[in-house]
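Dropping the structures in below, format is C-alpha cells.
Okay, so chain A shows up in both of these, paired with chain B first and chain C after.
On to the complex of A and B.
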C-alpha cells in the first residue's frame, strides 16, 4: 500500500522538479526593443504588424452597438492598411466578445493584453471600471465606449468627445432657449441608475441651477420598459421639458406615453438614448415631432467627412444600419490611428510612446470635430450638436443646431472618478 | 482526464485534476503502476482502488502545484475563477444538493463575501461624496471575517428559509439577489456604488499577493507575479473547503441533512432537529459563498455590483446540476465545467471553422455566438448522457457489488428513492 502510493508520487515529484528548473517556457518581462528600422517597439508590435485589442459586446445587451463599432473600426483599419499602414506595418484588431459579462471581459483582457499595443474600444462601464487599474499599470492606451466624466483623469483611459454631463449642460441650454423656459420653471429628468444617468443628472442639475430651473428627477432601471408612472409624475409636477438619459427603448416608451397622454413637451435625450431603429416603430412619428438628441458627434449629412464615412460604410456593410456606434467607433480608431502615426514619426511604438504621442494631440480634427487631448482631466471637447430624428436621413438624424459651447460648461466642476 | 477517470472511479481524483483545465498526462503513469495485476490480486476488494485513488490524487495535486511554473496568466486567472466557483458550488451543493433547499440567492452571499472583504480590509479614503468607509484590518483577518459575515447574513435569513420549501424558498432567495443589488448601488460609501471598489491585495506578514512587494520574485527562474502567488492561496482554500464539506457529509450532520431532504417527517422521528439543521445548512452554505466571493474579489482586483446578479446564481445552480446533486466531487466538477468552458470556447472560438470574424461582411455565425451555442450544447449533452451529472459518469461503469451483480444507477437524479451517496 505504502509503496504503491509513494513510488509514482516520488517519480512525479522528481520529474517535476527537473522540468520546472529546466524546461519551463514562461519567460520574464518582454522589454521593449528597437526593430531593424530603428523604431522602438513594445508588446503588440512586430516588424510586420501592429495589433490592437477590442473588448466588446457582440452577444449581450449592446450587441448591435458593439457590431457597428467593430465594423467601423475594421473599415478604418482596412483603409489605413490600403494606404500603407503605419511605419510599414499593417494594423490588425483582435476583437474579443464579452457579452457584457465582467468576468469574461477580465479574462479576455488577461488573454489579449500581452499581445496588443493599445485598446481601440472597450464596451461597458462596469468592464472599464474593473479594468481601469490594470490599464493604468500596463500603460495601455484605451478608448472606452462610455462617456462619463468620471472616466477622465487617467493617463491611459481616454474618453473621445464630450461627456454626458457636458452634453446635458449644452442640451439644457438649447431647451431653455427654444422652449422659452423662464426662471422657476421645472424640467424633468428620467435617468438610468448607474454612472451614465448619474453623470448626466449632475450636468443637468448644474445647468438648471444656472438657468434658475428646478429639476424633477425620476430614476429608472435598465430593465424598466413601461414609463407610465414616471410620465404621470412629471405631468403632475408640471414640467415644461423632459430630459432622458436611458436606452433607446426607454426613450421610445417615454415619448410614446407622453404623446398618448397629450403631454406634448419637448424631450431631449443623450445620444445613447436614441437608435435609428426606433423610427420604424409606431412611436416613430411622435419621436420626429417631440424628440431632440444631444450628441458629441455630427449627423451623417453634416459635413463631407461624415458623408464619406456613411458612403464607405454602406459600401462595405450594405446590410447594416448606420447608427451612433459607427460614429463612436470611427472616432476612437481615428484618434488612435493618428496617435500611431505620431508615435511612428517619433520612432517609438511602445505603449508608453503611443500614449505620449496621444497626449500631444491638442488640435486633432476627427469627422469635423476639433478635439484636444492635452489635458487628461478635461473632456476632449466641450461642444455638442443638437439633432432631431428624421426617418429619411442616413443614421435617422438631421442637425438642428451646429456644435457650440455653452459658457456654463466651462464653469461646471467635473466630478472626480 | 479520461485516463484518470477510467482508472479510479473516484471523484476526488477526477475533481482535483479537472481543476487544472489541462490534460494531465502526468497522471497516466501513476495509476498504471498501481494497477499491476499482482497489486490488484494482493489488494483485492477495497484496498486496491484506494491505492490507485491515492496515487491519482497525489498526481493531480502535484500537477496543480506545478501549473504556475508553466501556464500563462490567462490560464492561472481562469483557473482561479474556477477555484472560486468550486468553493461556491460545494457550498450550494450542501444546501441544495444535500439538504434539498433550493437557493437562487447564492450570488448575494458571494457579494457579501466580496464586498465584506473589501470593506474590512480597505483603509478609509476620499472625502465628501466620494469618501469610502473601510476598517483597514489586516487582509487575512478581513478574509476570515468576510466569511463570518456571509455566514451571519445566511443566519439572518434562516428564519425565512426555515419556513419555506422548494420553489417558494427559491423565490424568497431570489429577493436577496435584487435586494443585494440595490444595496450595492445605493450604499456607495461601503460598496463604491456602480463603479465598484478596488480590492486591497492579500498580504501575509509583508508578503503581498500582487506583482510587487517582494518585487520581481522568481521561483526556480520563473517570475512569480500576483496570479502565481494567489494560485496557491486558491488551492489551499479549495482543499480546506473540500475536506470540510467531505467531513460534514460523511459524519452525523451529513446523514441528518440527507434525511431532512428525503423526508422531514422521518428525519424528525429519528431525532433530527429540523429547524436547526436547515438553518445550519444555510449558514454553512453562505460561508462557502462568502469565501468564494472574497477569493473572486482578490482575483478581480475590483468588485462591481453587476457581476453579482441573478445570472451568477443561475450559473451556480447549473454547476451543481451538471456536476451531480449531493456530491462534493460532482459540485467541483460542475463548477470547473461551468467556469472554464465559456472562457475556453471564447478563447478558441476564433479558430473554429465556418465562422465569420467580427468586422467582416460574411453572413456566418460570429465566434462569440458560436461559443454560446457550443456552451449550450455542452450543457444539454451532459444532462442527456450523464443524467446524474458529471459525478454520475464516474459511477457509470457497473461496479461489482459483493454478490457479483452489476450495480446500475439509471436515474441518479431521483433523490427520494435511490440510495444517495453523500460522500464522494
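On to the complex of A and C.
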C-alpha cells in the first residue's frame, strides 16, 4: 500500500523539480539568443518589443504616489517610442498593483518576472526586501521607490538619487546654518518605525554629532494622526528645530500643532514627508512659514528639464497633480532608458547586458542632476536640494538652496544592508 | 506644569472625540448585541459628505446633512441585518459589518483619493492662549460640542420614551417585546444615533491641527475600541469614562515618551491597550459593564 501511495508523490516531486529547473533556465543567460539584427536578447525582449515590469501600489496607502510614478514612466516611454524606441523595438511597461501587500507583490512578481527585461519601479521597502535576493539571482535590474541606504550594495537593485540618511545630513547642515544653532542645542526628530525612519535617524544622528547637537527622538507609526503629545514633549525639551521622517499627514499634523502651540521652530522633512495637496488645507499657511523639504530632486521651476517635465505631464494628465512621485518615476525610467540605449549600442539586450550597461553610467544627468552609478555601494549622488512649500508653485515647492553636498556626507559610514 | 496642563487638555480633547465614537459602539451593542466594525467607514462617510458640501451650503448645514446621511446609512445597515437576515446569529451580523466596512471603505478611498478634504469649519487654524498655554480653537470646540451632545444623549437616554424602550430592550429583549416595545424600531434608532455621532466625530478628527479628512481617518475609530471595551460594552457612562481614560493615557504616554523610554519607544501606542487589559483583569466586564449572572 505504502509504495503505491509514494509513487504518485515521487512523480509529482520529480515533475516539480523538472519544471523548476525549466523555469530557472528561462530567465538565465542560456535563454538569450541573438536576433536577426545581431542584438543579443534575453527575457522580455523580442524582435519588436522590450517589456519592463512595474510592481506598484495603486490601491493601498501609497496609491497616489504609485499613480504618479506610473503616469510619469508611461509619459517617458511614450516619448521614447515616438522617437523610435530602443534598437528599433517599442518599449512597454507591464504594471502590476500589489496594494502594499507583500504576498500579493510576490505573486505578481512571479507572474511577470519571466517576461520582463528589467523592473522600472518597485514600490514599498518591505516588498523590495522580500524580493531582493530573487532580483539578484534572476539578474533583474530593478529601481526601488525607496531610498534607504541599506538598499545599496546589490548589483541589480539600484536606488536612484541620494538616500534618506544623506538627505538628512545635508538637511541638518542647512538647519544649523540658517537657524544659527550652536553646540549643545537640541533638535527633535520625529520618525516612522521601519527602514525609512531608521535610516533617516542614522543620518540625522551623525550630522548632529558632527555639529555637537543633541537629537531628541520621537518614534511614531504610519497610523498615528495626532502628534500633539510629541510636539508638547519636543517643546518641553526645548528643541530649536524639528526633523520629521514620516508621511505628509504626519508632517502637516506636526507643523499644525506646533504652530497652534506658538512653537515656531523650523521643521525639515525629506520628500516622502510632503504632498502638495496639503497646501490647500488650513495647515497650508503654517507649512509655508515653517517647513522646508530636503530632496534629491530639483523643484519643477528649477531648470529647463524640470519645466519640460511639468509641461508634458500636465498636457498628458491635466487632472493630476504634480507631486514628488512624478519626479521619482521619471528619474528611474530615465536612467533605465539610458541603460537600454547603451545596452543596445553594445548589442546586448539581455538582463546581464542591461545591468552591465547600467554599471558603466558614471556621468549621467537626469533632470539636471548628475548621477554616478559606477560604485554600487555608494549613493548615485551625495547632493540634496532644499525647497520650501509655496502654494502657487507647480508641485507646491520652490527652491531655497541649490543642490549641495556637505563634507559630513562623505565621512558618514553607510549602514550595511 | 505647562506641559502637564497642555498634555491633559490634549488628552481631554482626544478623549471627547473618542467618546463620540465609543458611544456609537456602545449604543449599537446595547440595542442589538452587534459589534459594529463598519463604524470607521461610517465615520469617514459622514466626514466625506460634510467636506464635499460645506462650500455649497455652509459648515453647519453640511455637518447636519453629513450626520443625517451617516445616520441613514447606519440605519440601512441595520435594516439589511434585520430584514434581510432575520433570525441570523449575532455573530453573523457582526461579521456582516466587517463586509460592509470593506465595501464602504473601498469606495470612499476611491472617492477621497490622495486628497486632504477640509471641513470648512469656522475655527480654521486659530488658537487660544490661556497664559502660557496655547490650544487650537478646534480642540476647545471639540470638548464643548462633545459635552453638549453627550449630555443631550444621556438626557434622552434617561428621560425620553426611546431611552426607556432602549434600556428595557437591553435589559430583557423578550420581556420588552411582550410589553409592546418594537425592538426593530429601537434598534434602528440606535444605529442612526451611532451613525450621526460618528459623523460628528469625523469633523473634529479632520479639523486643525490635522490637515483634513483623508483615507486613513477611519482608522481612528479603532482607537475608540479599547475605550468602549474598557468602560464596559453595554454601558454608556462606561464609554464616556473609558474614552477619557484612553485619551489621557495616550496623550500622557506620548507626552512623556522620553521619561518612559525604559519601556521602549512607541509605548504610547501600546499604553491604551495595556490599560484596557489591566482593567479587564480586575473587572472582566469593564468598569461599568453589567455582570453576567448565571443561575444554576
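Just a few scattered comments:
Assume the second predicted complex is superposed on the first by the 387 of 417 C-alpha atoms of A that agree within 3 Å, B and C clash if a C-alpha of one lies under 4 Å from a C-alpha of the other, contacts with A are read in each partner's own complex, and residues count from 1 in each chain.
Rule of thumb we're sticking to: contacts are C-beta pairs under 8 Å (C-beta built on N, C-alpha and C of every residue); 3 or more make two chains touch, one makes a residue touch a chain.
Just so you know, these numbers come straight off a predicted model, no measurement behind them.
Contacts of A:179 after superposition on the shared chain: neither chain B nor chain C is touched. Counted by residues of chain A touched, the larger count belongs to B, out of chain B and chain C.
Applying the stated contact rule after C-alpha superposition, one finds that A:262 touches chain C and leaves chain B untouched. When the two structures are aligned on the shared chain, A:236 is found in touch with chain C, with no touch to chain B. Shared-chain residue A:252: touches chain C; no touch with chain B.
Contacts of A:193 after superposition on the shared chain: both chain B and chain C are touched. Contact with neither chain B nor chain C is seen for A:356 once the two complexes are overlaid on the shared chain.
59, 67, 193 are the residues of chain A that lie in the contact sets of both chain B and chain C, per the superposition on chain A. Of all residues in chain A, those touching chain C in their complex are 59, 61, 63-65, 67, 193, 216-221, 223-230, 232-233, 235-237, 248-249, 252-253, 256-257, 259-262, 275, 277-278, 280-283, 285-286, 321, 323. Within the complex formed with chain A, the residues of chain B that make contact are 26, 29-31, 33-34, 39, 43, 47, 50-52, 54-55, 58-59, 62, 66, 69-74, 77-78, 81, 130, 185, 194-196, 198, 218, 220-223, 300-302, 304-307, 311, 342-343, 346-347, 357-361, 366-369, 371-372. Looking at the complex, you find that chain A touches chain B at residues 1, 4-5, 7-9, 11-13, 15-16, 20-21, 24-26, 28-29, 56, 58-59, 67, 70-71, 73-75, 93, 95-99, 101-104, 106-108, 110-111, 114, 125-126, 129-134, 150, 193-195, 198, 316-317, 416-417.
The part of chain C that touches chain A in the complex is made up of residues 2-3, 6-7, 10, 14, 109, 113-116, 118, 124-125, 127, 129, 134-136, 205, 207-212, 214, 216-217, 219-220, 250-258, 265-266, 268-269.
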